[in-house]
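Dumping the structure here so I can ask a few things about it.
Read from first to last, the chains carry the letters A, B, C, D, E, F, G, H, I, J, K and L; within each, the first residue is number 1.
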Amino acid sequence: MKRILVIHGPNLNLLGKREVDIYGKVTIDEINRDLKKMAKAKRAALTIIQSDHEGEIVGAIGKAKGRYDAILINPAAYTHTSVAIRDAISAAGIPVVEVHLSNIYAREDFRRTSLIAPVAKGQVSGFGKASYLLGLEAAITLIKK
Amino acid sequence: MKRILVIHGPNLNLLGKREVDIYGKVTIDEINRDLKKMAKAKRAALTIIQSDHEGEIVGAIGKAKGRYDAILINPAAYTHTSVAIRDAISAAGIPVVEVHLSNIYAREDFRRTSLIAPVAKGQVSGFGKASYLLGLEAAITLIKK
Amino acid sequence: MKRILVIHGPNLNLLGKREVDIYGKVTIDEINRDLKKMAKAKRAALTIIQSDHEGEIVGAIGKAKGRYDAILINPAAYTHTSVAIRDAISAAGIPVVEVHLSNIYAREDFRRTSLIAPVAKGQVSGFGKASYLLGLEAAITLIKK
Amino acid sequence: MKRILVIHGPNLNLLGKREVDIYGKVTIDEINRDLKKMAKAKRAALTIIQSDHEGEIVGAIGKAKGRYDAILINPAAYTHTSVAIRDAISAAGIPVVEVHLSNIYAREDFRRTSLIAPVAKGQVSGFGKASYLLGLEAAITLIKK
Amino acid sequence: MKRILVIHGPNLNLLGKREVDIYGKVTIDEINRDLKKMAKAKRAALTIIQSDHEGEIVGAIGKAKGRYDAILINPAAYTHTSVAIRDAISAAGIPVVEVHLSNIYAREDFRRTSLIAPVAKGQVSGFGKASYLLGLEAAITLIKK
Amino acid sequence: MKRILVIHGPNLNLLGKREVDIYGKVTIDEINRDLKKMAKAKRAALTIIQSDHEGEIVGAIGKAKGRYDAILINPAAYTHTSVAIRDAISAAGIPVVEVHLSNIYAREDFRRTSLIAPVAKGQVSGFGKASYLLGLEAAITLIKK
Amino acid sequence: MKRILVIHGPNLNLLGKREVDIYGKVTIDEINRDLKKMAKAKRAALTIIQSDHEGEIVGAIGKAKGRYDAILINPAAYTHTSVAIRDAISAAGIPVVEVHLSNIYAREDFRRTSLIAPVAKGQVSGFGKASYLLGLEAAITLIKK
Amino acid sequence: MKRILVIHGPNLNLLGKREVDIYGKVTIDEINRDLKKMAKAKRAALTIIQSDHEGEIVGAIGKAKGRYDAILINPAAYTHTSVAIRDAISAAGIPVVEVHLSNIYAREDFRRTSLIAPVAKGQVSGFGKASYLLGLEAAITLIKK
Amino acid sequence: MKRILVIHGPNLNLLGKREVDIYGKVTIDEINRDLKKMAKAKRAALTIIQSDHEGEIVGAIGKAKGRYDAILINPAAYTHTSVAIRDAISAAGIPVVEVHLSNIYAREDFRRTSLIAPVAKGQVSGFGKASYLLGLEAAITLIKK
Amino acid sequence: MKRILVIHGPNLNLLGKREVDIYGKVTIDEINRDLKKMAKAKRAALTIIQSDHEGEIVGAIGKAKGRYDAILINPAAYTHTSVAIRDAISAAGIPVVEVHLSNIYAREDFRRTSLIAPVAKGQVSGFGKASYLLGLEAAITLIKK
Amino acid sequence: MKRILVIHGPNLNLLGKREVDIYGKVTIDEINRDLKKMAKAKRAALTIIQSDHEGEIVGAIGKAKGRYDAILINPAAYTHTSVAIRDAISAAGIPVVEVHLSNIYAREDFRRTSLIAPVAKGQVSGFGKASYLLGLEAAITLIKK
Amino acid sequence: MKRILVIHGPNLNLLGKREVDIYGKVTIDEINRDLKKMAKAKRAALTIIQSDHEGEIVGAIGKAKGRYDAILINPAAYTHTSVAIRDAISAAGIPVVEVHLSNIYAREDFRRTSLIAPVAKGQVSGFGKASYLLGLEAAITLIKK
């Protein structure tokens, strides 16, 4: 059974409660429930964390090797500012898939630069909750290779 | 039955035959075969074209509405240079999903700017052949909404 | 009787059918009808083409000299990306008037740079269908000089 | 009868007397005479001012609403430097048409940025005296809408 | 009794009459009335001017020393373009407080650069009429120091 | 009674002890004491926190809605680097006022860009301790609206 | 006998007929005749095409491998805008030599960036017709290696 | 006898009274007195004006031809912002010499760009009062040519 | 005996275990052991911390004065993104030495800008473990001054 | 008999001894030998110098007129930094051909800007030793014109 | 008697022989003769050197203190590229006056940035030979202060 | 016994005599004496040169291989402008250590870019004379590897 670490970045705990015009009405709990359902169907085990702390996310990625086979991450705001998370992913030693709920390329200029993308395996963005589900599928595909 | 137009941009006919270190060994025929298999399973009908001509791609998108329910496109080199394809997508009136075989954010600087991304619904990149399959899934999901 | 070549660039065949909030409800047929009416009144003969292909537009301009006395062009998306059309206009040997339906200076940043403007005689933008009519008038004025 | 305010920006009083290689031999009096002739034909009344003062132009635009139905302006040098005139136009509450004698896009780099264009209805440039006449026609068309 | 010069920059005479969605419905007269009320309460005397002319504002600041103890200025459009007003403030020899009705950092790019801010004592922006009142309070506090 | 959350960003605990030439001799305790005095006078209740952790500040803002009526924040160094705090403020659902002790526009280039300003209601900067007091007043005014 | 594909880009069919002050009086036919003469002397066979269509050039390069031993290309305007031709050359699998009639580095700014140069073997520019002849010689030398 | 127009730009009336660390203690009256002394010695007649108004300076330059043989100007703050003065100088038809009291290249970044320099005959900067005297000498030399 | 605080930034706990091609095989424990050996020889006492949290590092520097005589820091990823750590160092009141294992100037563009360097006393980079030892020596030299 | 000055710029004496992966194994002596052989065949006389000194190269070009009919130069590192050599070439009065062993457009960013190219007649780059031979041929062709 | 070192930078030995349209027909000998004549009249002694070598100019400036009272320098091409000459001037300890024959601000973009100007006392440019004479006068004035 | 070449760049002969506020009072002779003392202690032999000439430094590095085991260089002003020295170091074939007396990152913008750093093994900056000593130690460590 494959083990996958799911990381929700800063502010994602507020999903569905704020700014529903941008991010939609779906909550983090619904996303997590759907992710687990798919994981179960595909015989993968998920560990899910949410953190507003760059350092905690760095630490979680640093300790992932050996415990997980892949990482699924929505770095949220840290996508655009965190070299530390980038370095952690570079050094992760397991495949990392980056997902975004909204189409970051259709928003403010500073959101169009992802420090994470160049070191992730691939990226899925713009499909709302489906971004996570497609990302999980991608992660499982990458593990199999 | 949902109808989806799949567009392969310039040079993609050479897939698997050239630069296999960047794009892998998979050929366009294999991608098309797998896309059709998935479409069949999900009860969707695919029309697939490949073109090196910006104008042909513009024309195909312009005529898509009413004939197709969604478009799956790998704009390849035109991702970075074609305002005409961008405008066609803006005016398409049906959802468009952008896919890339390679992680365009891990390559040359000029490949990190997508003129297409801001007007597509979403983007999948970096997973090789799987980018197309995940993209098709995304397109079908979008149609259902 | 003066002969004028009218060139509609990519996607303009969709006018009035898509994105009516930006481009208005007027169709390319209405524009052409009004252009012909004015041409008739001013004793000019029009040849009108629409093309999504950069190469076709380049070719048409290249062959214009001797056949036409002036060119009226709405380069649409190619305004911002086509050095080839710019070069064709530079070499045209007859006056070229550039028109735009919308005010390109009030839109996205990348639309504010026109590769065509520096080599056209002049430019009319922002007046919808009237941009074409004023442009035709300008072209006729330029021929008379 | 429609009332239109015509504003000539800084240095335009020198037209036809200086730098005739760039701006031509036409004088401001000839332009005004031709504008009036056309206005008469189209049953519009013109008020014409020329000013070297940014503040005067701002003031004139600020007071235009209720007195005029449209403004025709050649902001000359202030095209590239005046946020104050831009703000006045934004707040004008009547349509404003921007005209230029020369093709500003074929000149020095700093002349290619118009602070005015994004807030004007449209722009006519590069046709010498005819720019004004076409601009007046555009203004009259805009009033009718 | 402290004397304070209040300067309203270009177009501010139009406040409350135009573009109420950006600047609100408050008029310059209401702002002046409220400023005077507060000044009275705090035992300060106000002189208030409004000008569309950069040169007049420069002149007023140049003559302020000895006549006033502080300046409260909303430079409006000149915020972004006037080195002359900046130089006048640098040389003013009395404290200058900059205020803005709207949040200039939430608007167009060119409004995010203030030539004035680096030479003013401080800045208050985004609170509508309250920006002026807070600014007056700040000016009075600065005089007391 | 209105409840307001006051957030002091990184390094502000050192106020008055270090770099007194830039930030002055006032300590965070004196600022807090004066803020509380004013709050009492204006019948508002303050909760005050100081944190060096971006994540903690994000979390505090995320939980503020329902508990507080407004936020007064001096984001200090995070002003220029934190998209996460910006996103938290965007999603806060209650008015946020940004304050700075020093005039950030008179300092190093990188301090002139505030990621926070575009999403805050308004900003007060450059008046030392008085920036906080004016900011609190602004916050109370905003709540009343 | 070595086979070489010669590609003339957009507008080059007009050579010698237009803008003779920049490109000289030599026609494309004279260049082709001289190229063939040299090829004959060096026992190489040439296939020569001219196209205004980016897509046709992409297609021709894509099919070159196995049919030709080298490509000699003057991409003309596409030098500065075509990522598609660049990608085709990257994937060509045979040496490609880039030539320009004029010294592109002594012209407009936008002509100083060649998207093609980084993927071509080498470049010859500025020598008029001789650029082609030196380029052919270079191509033959490269094949021999 | 040669006639020369001397123009002092904005804020220069404050010379020697404010910011003596940058501009020195010399007043505009002393400069004018010394200029007149030198003019007398060199048999030239001076007309001297100071203005804070961009428009007035534009007007004065526009009317100079025929009345003066040369212009000596310290555009002060307008050096960096006034395209209108630049255009006036371009069209002046008599030689214009630009002077600066301080070394503008050793000050803030925005002071290093002179819009005036490219259209003036030459420039003298950094020598305090002597800049004016050397500039006057240069102007007289230019007239003699 | 001199007391020195050694700070290892984010991800440095992974040293020698990941990306050995960039950072080498040396572990953080070996570096610490060698630093302590040298400290002992030079009669200095070291306190060593490693943290992935920007806020913790800010806090540690803020509390250093009075407890330590100097700081030796490898800010790792925060070198390029943390204004907060920069501000903490500015305010530290004791000398700070910046070290890097790899030559940051020979890597990605974004790593060539150090926000820390302008406020550190000096920097040692590129010598692997030896960077730390040379940095410690530098710190001890600075204390002695 | 035509006389040509060949100039090898800095570090080219090390050719074939260092960095053979970039510049190949060919030495400067082999290049010179082949150049002389070709010169002899084409009845031209070569003078060849190599210098690491910008000033020497400037001097040699300055004295070339009257002694040589053309210059063949590989400016090496000075290509990207020397305005002095550029000025010397501008003033040379005889045709100058620029050559490069490697494809400078396929290397670091700063190597893609040639200060020399805009003033040379033409450029040959990327063909190793053959760049020199083709360049010599170009130079001889230019002399004949 | 005051001693002044006059330095002519690279290529200036060619003055009057090449590019007379830009630099005029005056030769370096005529300039030197006129400089000496003026020096004699003003009781100053000149030492004049010309060098194409950046290093020689650096050395000459470095040794000037104690031997000369001021330096008059036309750094020519090194104006735009030499930090070494800038550093030498910074450290010169005697006043340095920068002169240019042509108006460098009316030429190519790269000539508009002077690395020298920020560290020179002042600058005279655009007056041909008179630039030197005015510069010498400025230097003598500076010594007297 | 290891042999190390020490290179002092332009103006360093003036150390301790000029600009002591930036570079300190230490002279080049003192630095050399201390370097030799340390070299003796560590059984290394030093050859020390100082040059204002870029070309001499290039030449010295070019000839170093075989004669020296490492190079210690303070490129001074050439740090920011010399591609030639960079190329020489790239080709040196022995380790090169870059040192700076001052913290170049705390000075003018143009000093923050080192062309040398990307090709040196490592860099030590900001510690005054100690930068050299630490650099020598680093060089000796590198040789031992």
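One rule holds for everything that comes next: contacts are C-beta pairs under 8 Å (C-beta built on N, C-alpha and C of every residue); 3 or more make two chains touch, one makes a residue touch a chain.
Quick caveat: nothing in here was measured; it's all calculated off a predicted structure.
J.: Which pair wins on C-beta contacts, J-L or I-L?
T.: When I-L is set beside J-L, the one with more contacts is I-L.
J.: Can you compute the centre-to-centre distance for chain A and chain J, using the mean CA position of each chain? Integer Å is fine.
T.: Centre-to-centre distance between chain A and chain J: 54 Å.
J.: Hey, how far is the Cα centre of chain E from the one of chain G, in Å?
T.: Their C-alpha centroids are separated by 62 Å.
J.: At what distance in angstrom does the C-alpha mean of chain K lie from that of chain E?
T.: 47
J.: State, to the nearest whole Å, the distance from the C-alpha centre of chain D to the C-alpha centre of chain E.
T.: 31
J.: Quick check on chain G: which residues sit in contact with 2+ other chains?
T.: Counting only residues that touch two or more other chains, chain G contributes 53-56, 81.
J.: Go through the chains and record each pair that touches.
T.: So, checking each combination of chains, I get A-B, A-F, A-I, B-C, B-G, C-D, C-G, D-E, D-H, E-F, E-H, F-I, G-J, H-K, I-L, J-K, J-L, K-L as the touching pairs.
J.: State the interface residues of chain G toward chain J in the complex, per the touch definition above.
T.: Touching chain J: residues 103, 105-106, 112-114, 117-127, 130-131, 134, 137-138, 141-142 of chain G.
J.: For chain G, which residues count as touching chain B in their complex?
T.: 53-56, 58-59, 62, 65, 81-84, 86-88, 90-93, 115
J.: What part of chain D is in contact with chain H in the complex they form?
T.: Interface residues on the chain D side: 9-11, 13-14, 18-19, 51-56, 76-78, 80-81, 110-111.
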